[in-house]
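Next up: the structures, one after another.
Both of the next two complexes hold chain A, though its partner changes from chain B to chain C.
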Partner chain A sequence: MTATRVSTYLAPRRRLRLAGLLTAPVLWLGLVYVVALAALLITAFWTVDAFTGQVRVEWTTENIVEVLTEALYRTVTLRTLGIAALVTVLDIIVAVPVAFFMAKIARPRMRHLLVIAMLAPLWASYLVKVYAWRALLSGNGLIEWAVAPFGGETPGYGIVGVVLTLSYLWLPYVVMPIYAGFDRVPDRLLEASADLGGRGWRTLTAVVLPMIRPAIIAGSIFAFSLSLGDYITTTIVGGSTQMLGTLVYDNVGSANNLPLAAAISLIPIGIILVYLAAVRRTGALRSL
Partner chain B sequence: MSKSPSRLALRAGIAATAAVSLAACGTSGSDGGSEAASSIGDTEGSVSILAWPGYVEDGSNDPTVDWVSGFEEATGCMVDAKTYGTSDEAYQLMQSGGYDVVAASGDLTLRLVASELVAPVNTDLLENYEGIFDFLKNKEWNSVDGVSYGVPHGYGANLLMFNTDEVTPAPTSWDVVFDKASDYSGKVTAYDSPIYIADAAVYLMTHNPELGIENPYALDEDQFAAAVELLKEQNASVGEYWSDYLLEIQAFETGDSVVGTTWQVIQNSISTGNTDVVLPEEGATGWSDTWMIASDAEAPNCAYKWLDYIASPEVNATATAYFGEAPSSEAACDFRDDCEAYHAGDEEYAKQIWYWTTPIAECVDGREDVECVDYSEWTKAWQEIKG
Partner chain C sequence: MEPAIRLRGLHKRFGDTVAVADLDLDIAAGEFFSMLGPSGSGKTTVLRVIAGFEQPTAGTVELFGKDVTALAPFARPVNTVFQDYALFPHLSVIANVEYGLRVAGVGRRERRAQAEEALASVRLAGLEDRRPHELSGGQRQRVALARAVVLRPQALLLDEPLGALDLKLREQMQVELKELQRSLGITFIFVTHDQDEALTLSDRVAVFDAGRVVQLGTPREVYDHPRNPFIASFVGSSTLLEPAIAEAFGLPAVATAVRPERVTLDAPAGGVRGTIAEVIYTGPEHRIVVDLEGLGTRITALEPNMGAAHERRRGDAVTVAIDPAGAAALESEAPAA
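The block that comes next holds the complex of A and B.
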């Protein structure tokens, strides 16, 4: 039998076995991830021929300097950061009670239904959902119809629309880790807290929140990083709002300036690295 | 275990990346100016076409819309078509090569000629070229130094659209989207492309004559700054910039946009009936598309056949009617009943349109004492305008 012979050959050769196991995934990671990222970083230091629009291999820090010094990029970066932070906070505020109900209060049957309900939107296309929000936010859409009797009006297309839409889009990614976090909190801890005289609020802040903090941070990484790079939602419900993603898209699509686009894309990469470093300091990554 | 193997691997990876990228960049040398063909030889059996959506229809989108099959039967050239969404996307695709024919708007044609991606076209070889309107032939966007680079296809103006309920009286000037834009704050719309800066320049030609703008695509520093300033003021009132025409249709139908720039085909598609379009008194920007042949075309004979076929009155009529623009062929209106709506062949109307042209440093209006602002600067400014 060939299989037996291969096993016999491999059994004492630990390194060969490891190589067989890891070569394909490491190649994949290396090619798709590291090489693509390295290509991006290098492109940021090249320049573009203004006449023909072709990338010229000529080392320059011009793009980086431009991105760092021009007011436009500062404004857009701050706006994007603000939107991403707001989306993250909104999602956590909604996700914590929902996840708590799913994990601790709902009966098993109800819990399964809720998990399915939470995951169901992920089955619909991203675009369909954003276009649905475009209709909702419109001047004669559902939101206007619902709040008009109370003297309100729809926020329309703009930053508020973007924040609402993104919060909706990333909610499942925040609910699921927090739900898993709550699931890991043993019920007897809650009972013990109650036995020791802890009321609901005390139990929540002293027992539950410290235990689910890593889960909340995991959820926040999803909501934050996905918002940071988004450009399609902004185009559809953002009105005239520009985000970092749209700047990158415009520089690739209409300006044909790949080096500048690469330089701009370094901003969100930098922000995410800082964010992950901060998360690591809290120790949340270890307990994930 | 020491760290050196992984570090070595990383270094090798970076080296490989650099090598691949360098190789990719090193192959862009040009082979010098290409010559126009002197005769049409045997057809090659297939032709690859790059065009706007709706320009090359073979019935696969709508069984009743098909002018490709007739071409394939008549010439034996099988058509392989690819569509693009913006002039800049088309430019990138042409750089990558592999296309024989391209339908290009005026803001793309000069770039293609300058990078020698397209070849001059010998119009004497095309039977139907004769029938093209004279005012479209040998213009600055489809010829260089009197040498033709393609066959005009169709043209249209970027019109002013307004909601007839909200914008009264009916506007006759672009001032409703510029100086008076604050009256419709949050409901003004504008075309989301750097080329829209030319719309502001057209407005300034009339309202700020002391700037001395002769051509909205040839702006020196001062003129450009004035146009950018005007657009920055407009930005405060803009609800939405559009580049997807379906979104613009929806925005006008729901009333989220009430006034702004548009295309005739959008007005034709709006079903609510409370919008109207006008060509304002200042004139307008517009597009005029040209069929061009790639300089490295593998099927130049099929390409010539296609240029001739698409310029024939009936096909030209069908294709331009489907897209919603005026035809380039004089006789095309015999096959269309909506020519009047598009002012086809109306030379006076056509003169009011400033066709999209790529802004380059060498002023396209012929001035030699100043340098004009080129398209890469336009793009940068456009992002600043949007803020």
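The block that comes next holds the complex of A and C.
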């Protein structure tokens, strides 16, 4: 009875319904998200009392200037960019055939199994997966055991290990949008291309890839931005490798310089904003 | 003359389902050939086997004297117009039409000219730069046609191409298809479940039922002389008469199909007596259902609409006669399964 009365009251009041629907998410986005980011931005313009180690509200551009001019930050930024780009490319190279198989070749039963196989690792703890890779990469780990007979050796802990581990971690985030993209390409179009004389390669490059390009870019946003901010993987399998994330972590922790950490973390934020602006026009944001 | 398309012993199974059973078929060059049947009768599968999208379980496909059974679709000299058109959504109209020419390596200027000519032949000039989603159903249909004929295929395969169009547009496209076929002079193989379309357009019709061709002939042969009860009721409408009833009308005592327009009411020579059970007004004509006296069955007659003054009424007594030339003797048993 009451439910009916509420419905009757709300039915003609469009604005009220909208307000009821949006208040909570707008508060969440506004307070928790935007305010937190703004606070970060502001912190970057503060400083730390060298004597007490306390953050002092004293406006300065010192941190920003340091981040922009110190060679260390330029090197680490370039390295982080390189690692993120490499991880993204590797993931796309692996994800496209896998997603194609899932969407176009596998029978429904197999397809469901593969979707589950892709998503299952997301339930496992991030730390467990990274430590698993630490074990794989170690001097007497699985990789060493597999390649030693051929005269190879494990890449060990370093940039290669970081790239491999990050590629593994973000692969599901790249496969799923591309799988959805392939799924949206009707089989009829592949047949039409073949009917008009197109062989497999032509069909792939002239029909399929242009149609799934937004999906590939959507996947790349995940792999790229997640790699850009990562610090745990680098710490565990990166050896002495420094990325922007580890610099932030060190400055918050051992160096106890929150304003500098905030200034450093503005770098990946700036990069990802540029990246999003660049891909905005491809329609990729609509396939996320 | 060598047939354009020759199918021998064609058999196609999907799992346990037999889609096409031991089909032999010859289609002549330049023929407008229809494959007519209800959904699931195997007609589309045959088309897809000819195009190369499906491999037959057994049997061979010959195109113009060459065995193409093992060839991929891109290596066959035929093109397809798909039921849902299958236009490339990311390409403009002109790029869709140019696609096959581009694959074939035709130069930019030459392919542009040919594509424009093809678009003009389906009366679509001026829409070159639109995207498929900006076109109406009828326009998409024309793009699909242009994209297929621009490659000058030796045969054009059409999979229910008019199915998605509304009635008026469909009738107009029927005329245009026929004209296009005449001007190109190539073989059209046309799959449809619409008997009207098949009869109107075709030189010959193959009626499919459960994976087999149950009748093959000109539209007149199929319509006037349906071989079995399925064809008599699927192609047009018929009253099916038991042997004893046929005999009562002075016809040979076999199962017989009678078209309603070949049934005469109140013929001067008399006939079987009956009572009108139903009068259905359809506009150009009246469909009249008559209860036949003492025979325990009904027959349907078609009379032109001659105005309200001539309209018959339920309960009127009539005599019913059948033009013997308009009665088709049916093969009593179902075709061998």
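The definition used in the following text is that the second predicted complex is superposed on the first by the 270 of 288 C-alpha atoms of A that agree within 3 Å, B and C clash if a C-alpha of one lies under 4 Å from a C-alpha of the other, contacts with A are read in each partner's own complex, and residues count from 1 in each chain.
Definition applied: a residue touches a chain if its C-beta (ideal position, glycine included) is under 8 Å from a C-beta of that chain, and two chains touch if they have at least 3 such contacts.
Predicted model, so just to flag it, every value in this text is computed and none were measured.
Undergrad: For the three-chain arrangement built by superposition, which of chain B and chain C touches the greater number of chain A residues?
TA: The partner that reaches more residues of chain A in the superposed model: B.
Undergrad: Determine, under the contact definition given at the top, whether A:Q54 touches first (chain B), second (chain C), both, or neither.
TA: First partner only.
Undergrad: So which bits of chain A does chain B touch that chain C touches too?
TA: Chain A residues touching both partners: none found.
Undergrad: Show me the residue ranges of chain A that touch chain C in the complex, using the header's touch definition.
TA: 186, 188-189, 191-199, 202, 206-207, 210-211
Undergrad: Flag every residue of chain B that touches chain A in the complex, lowest number first.
TA: Answer in residue numbers: 9-10, 13-14, 16-18, 20-22, 25, 28, 86, 88-89, 91-92, 95, 111, 114-115, 186, 193-194, 235, 238-241, 244, 247, 250, 254-256, 360-361, 374, 376, 379-380, 382-384, 386-387.
Undergrad: Under the touch definition given earlier, write down the residues of chain A that touch chain B in their complex.
TA: 30, 34-35, 38-39, 42-43, 48, 50-57, 72, 75-76, 134, 138-141, 156-157, 235-236, 239-240, 242, 247, 250-251, 253-257
Undergrad: Can you tell me which positions in chain C touch chain A when the two form their complex?
TA: 51-53, 72-74, 79-80, 82, 84, 86-90, 99-100, 102-104, 147-148, 151
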